[in-house]
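Structures follow.
What follows is a pair of complexes built around chain A, which joins chain B in one and chain C in the other.
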Partner chain A sequence: MNKKIIEIEDLVKRYPMGEAEFTALKRINLTFEKGEFAGFVGPSGSGKTTILNIIGSLDTPTEGRVSVEGEDVSHLSEKASARLRKEHIGFIFQSFNLLPVYTVFENVELSLLLLKQSAAARKKAVTQALEWVGLQDMARKKPPQLSGGESQRVAIARAIVKRPNIVLADEPTANLDAENAHIIMRTMQRLNEELKTTFIFATHDEKVMQYLKRKIHLLDGYVDKDEILESNTVES
Partner chain B sequence: MKLALKLAYKNLIRAGLKTWLNALALSFAFVLIIFYNGMIDGWNNEARQDAIAWEYGTGHLRNAAYDPMDPFTIQDGHGVLPEQYREHLTPILVWQGTLYPHGRMMPVLIKGIEPGQTTVKIPSGVLKNSTAGYPVLLGRKMAESAGLKEGDQVLLRWRDRNGTFDAVEVTVAGIFETNVPFVDGGQVWIALNTLRKMTGLTDEATFFIADENYTPTPVDGWTFVDQKMLLKPVTNLINAKKYGAAFMYLLLLAIGLLVIFDTQAFSIFRRQKEIGTHIAMGMTRGEVIRMFTVEGAMYSIFAIILGGIYGAPLFIYLAKNGISFPVSGDTMGIIIAPTIYSIYSTALIVKTFLLLVISATLVSLLATRKIAGMNPVEALKGKAL
Partner chain C sequence: MIKFIFKGLIRDKSRSLLPILVIMIGVFLTVGMTGYIRGFIEDFVDQNARLQTGHVNVVTKAWAENESMMPLDLALLGVDTLLTELQTDFPGYRWSPRIRFGGMLDVPDENGESKKQGPVMGMAVDLLSGNTDEIDRLNLKTALASGHIPREPDEVMIGEELAKKLELKPGDKVTFIGSTMDGSLTFQNLVVSGTIRYGVRQMDNVVMLLDLRQARSILDMEDGATEILGYSKQGVYSDEEAGKVRDAFNAKWSGSEDDFVPVMRRLRDEPTLGYYFTYINSFSGMMIFILILIMSIVLWNAGLLGGLRRYNEFGIRLAMGEEKGHVYKMLLYEALFTGIIGSVVGTAFGVAFTLFLQYKGIDISGMIQGGTMIMPNVIRAKFSPDLLSIGFIPGVIAMLIGNMLSGIAIFKRETAKLIKELEI
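For the complex of A and B:
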């Protein structure tokens, strides 16, 4: 059995909505093991992004406990949660969130700069990450010169360059066409297999779902179904 | 800090023209502050040098009853200084009189000076060489206001020590040019011994001008006023000008800083996703604030570089060739040379540098404070503000 990397116990998240409160997550209990390729699926407003943000310590639970890499994110100081993200978590966003004034190389390098790695180590790691996503020839280009698919591959390289244990991907294919969506998913699938990185998605895209080995169906803040699909592999 | 500097530098350089336009706006303030202060310092230096050369020497030994600010003290503010104290001192006797140029009446101060003196730049040697009966020296401003030129004769009237009126035709033996209005306007310079004879004040003087070898010694009935004290009105006047000018360039600085504030505030609004991304990648809000603040501070560094590029040649030119004023300073009653040579001291440049960097940093910090309360989830969506 693999090591438990994320443990979620009785997670509740409420947001104020005017005078009242909106409950986005209702008593969620889940665990994730190292190397999983899992995803939260469900319609808009079901709580997919919220739970991803809490796991990524960008948001905090209202009730319950979420432990990531043994650290309870609900009680972390800002500095400690920043350190957790910096060292252990990579993010991939729907709109790529690349820094437009930096080159592809510099965008990917940024995570390593935050980790204060040496220039030589950074260069080696960035080159390797760009090779993983097949963009080694685009290192000097800037995001506005890239297509949507290429931009998302840069975002993947940026997320994995520091070899995090967890990568959280929020609707990573939403802005991509079908072909690019498959390229992106296959890239992440390969990285999951080669690097044993845990990938957790938030998606309602069928193209993503067919790659997942575990689908957690969310509906109105509840876990509706937790499916293990070990045989779910898509051939290129 | 090193990372903040690196990222801020990259962000600004890559922003291209926008960065340089902001820096240019701020550089105007930088150049103007140095230009104006350099000019004031140059003026200060020349004014002090001129005042020393023409009027003050290294100090004045005044008769205790004489106050140069009070004309009523002239009548009694004179005396005989014992011989043993007169070394390195040039006596000046001040007396009131009336000049009648072209039928007009002009109250004047008659100043007796030794024709052979070299302590001050009053060209008193002219009085010694003149063959006229009563040769006098006038400053250009005085000559112009009296409508007199060299060789002209004019009636001078005065009262002697006993109050008896007397008058004589004096001859304008020379007209001198000076930047110091206090030795020119309303004054008639005459040989000391002549004035002593005219007034009956044998061996007397109102004050003495000390040369550089003079050592102040207490003398009963006389007060030594040193150079620093004498220059105080000049220093005060220049400082007043400096503070007045500060308003103008601080206004310009404020405009430059407002540009930075606007740019940074807008930048934070526009770059919310970037801020969210930085936080998601492991930066604390404090680190993001530091990066944005350094960006703002860096504008001032770029402004200094830019200001240096176009300002340095201007400053070098002004320091070498000076800046000429169409209106002579003597018409304003202040010591001002026709050409002022600016002085740009290291202290001035360092002070201006610090003023710019510190104020730009503070303004930038003010603009970036909003990041502290930013929700990273909302920032990632670009909806935090």
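For the complex of A and C:
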């Protein structure tokens, strides 16, 4: 458990703001090892989403070096960053973001289609992913027929179906009630343990924080505190 | 992946049905209107050719220069020889000599005193030779409003409006007053055998139709005619073919300096007709262009709206590692697919409409009240194979352009921004 999967060196992110610039991330230095269950926590506007998006190569650093799976994401072409996301990174969003015209099965299947897997392989993987999140009976439903908790579980299945090394989850519980938030977190915790998938969260939800094994406190774009909480295992 | 996209396309009606309908209507209008215009031109040309100009016509050079005055003294002579020559040189055409001339009609009362008078335009064609095709060519049987077609040399038919104005009915006696070819006054007693109606002021209000031989004797122009009209035996006017015939004929006579040398002109050389031709052709071209433009704008906006609604989908696909270019390509595939379906259906409806007009027609005689041009009474369309592509290709292109424009607006933005907007 000591292979470095993400290395962040002197990361600075500035956004242009009219004439001036706004610095959202100020010299961040961090590393993540494979299999971590970590999260960025901190008040609104502290830079959680920004750093998550840079790790996920949806956004680029202004300065510094960020390498994911050994690839320097600061200099990736659009094609290469798409490939990195396609092969290694799963995303879970706050608002589920399932595609309403497709069935649960098809929503989960999409990332495998992008990987050009065969129909048989896709069927097997999707069925298994839906079993992991306990939704094997809902494969033929469409998202509008699902509850919030179920929707987010589909989103988790969609993120992990391709067995990515890293799952990035931005406020995954923000739209869920407490009970569903716990179900979601326990599901991800189990996947982290069984599949050794690295999970990185961005959250200010206490319910999420209870599960984290590492809490990185961001404050105004700085790392305020980097807590390792190996003991933080929640009753499952 | 394509299958995945099409599943979405078919399930999301606002993505498929709406653009298909827009394209369908646009293509239908393009095809239908074009067919209609084509049919209109063809009918228009046909009727003008029958009544007035022929597909080609031969007159003297001097007459051609003074045509509006209908100068009888400049008419063709030696018509029989010229006719034989034309028939040998251009066997693909039928030739009909005619005389157009001006004059007055005088209607006498019981005492032989002049009761009413009015100007007429005499139109002399072969009616009585026994093997004439002019009766069919002029559609006299259809145009006949009352009475019968002349059977005797002194029988004439007159336009129905003219008959009303002069209070004439079949069987009435009239006197024609005019001048002969060499300018002396001439009188001729004639009998109205019937009236004709073409729905065209130029015919109905002034025309007096009589037999060619009778006219020659009244006007003292033995073996003469103001014009010899030529009709392609194929029945259809072709600009190109008529032009070849004209050039061949004129080349033969090009050496002569004589004012009375015969010259040939094709239908389109008639100034008003030529103008209409050009006008209508550019009009239909412009209409197609405008339709494409409108369709593109509508689809662009529909695409933009659809794109906004699908922000979410595009953002997710990007986050999952689909390349921007691929998302864009898929969007264009969708456009191609809906464009083709809409265009196929629109073309089918347009062609059906055209064929309906071609075989059934719509009678508009009530709508045109005496224009100066010779216009057909029944609207007909004309199918030609290019109608299959004339709307189809623009339909597909409009759909592609509309989606390209809306797609560009979306994909110009950075991935990060798209994702951010998605998050809200």
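Observations on the structure shown:
Just so we're on the same page, the second predicted complex is superposed on the first by the 234 of 236 C-alpha atoms of A that agree within 3 Å, B and C clash if a C-alpha of one lies under 4 Å from a C-alpha of the other, contacts with A are read in each partner's own complex, and residues count from 1 in each chain.
The rule is short, and it goes like this: contacts are C-beta pairs under 8 Å (C-beta built on N, C-alpha and C of every residue); 3 or more make two chains touch, one makes a residue touch a chain.
As the structure is a prediction and not an experimental result, all values here were calculated from the model.
With chain A as the common reference for superposition, the partners chain B and chain C occupy clashing space. By the touch criterion defined above, A:228 reaches neither chain B nor chain C. In the superposed model, A:178 lies in contact with neither chain B nor chain C. Shared-chain residue A:110: touches chain B and chain C both.
In the overlay built on the shared chain, the residue A:85 is in contact with chain B and with chain C. Shared-chain residue A:121: touches no atom of chain B or chain C. Overlap of the chain B and chain C contact sets on chain A: residues 53, 56, 58-59, 78-79, 82-83, 85-87, 91, 93, 95, 97, 99, 101-102, 106, 110-111, 113-114. Within the complex, the chain A residues that touch chain B are 53, 56, 58-59, 78-79, 82-83, 85-87, 91, 93, 95, 97, 99, 101-102, 106, 110-111, 113-116, 158.
Those residues of chain B that touch chain A in the shared complex are 3, 6-7, 10-11, 14-15, 273-274, 276-277, 279-287, 376-377, 380.
The touching residues of chain C, when paired with chain A in their complex, are 1, 4, 7-8, 11-12, 312-313, 315-325, 414-416, 419-420, 422-423. Contact residues of chain A toward chain C in the complex are 49, 53, 56, 58-60, 78-79, 82-87, 89, 91, 93-95, 97, 99, 101-102, 106, 109-111, 113-114, 170.
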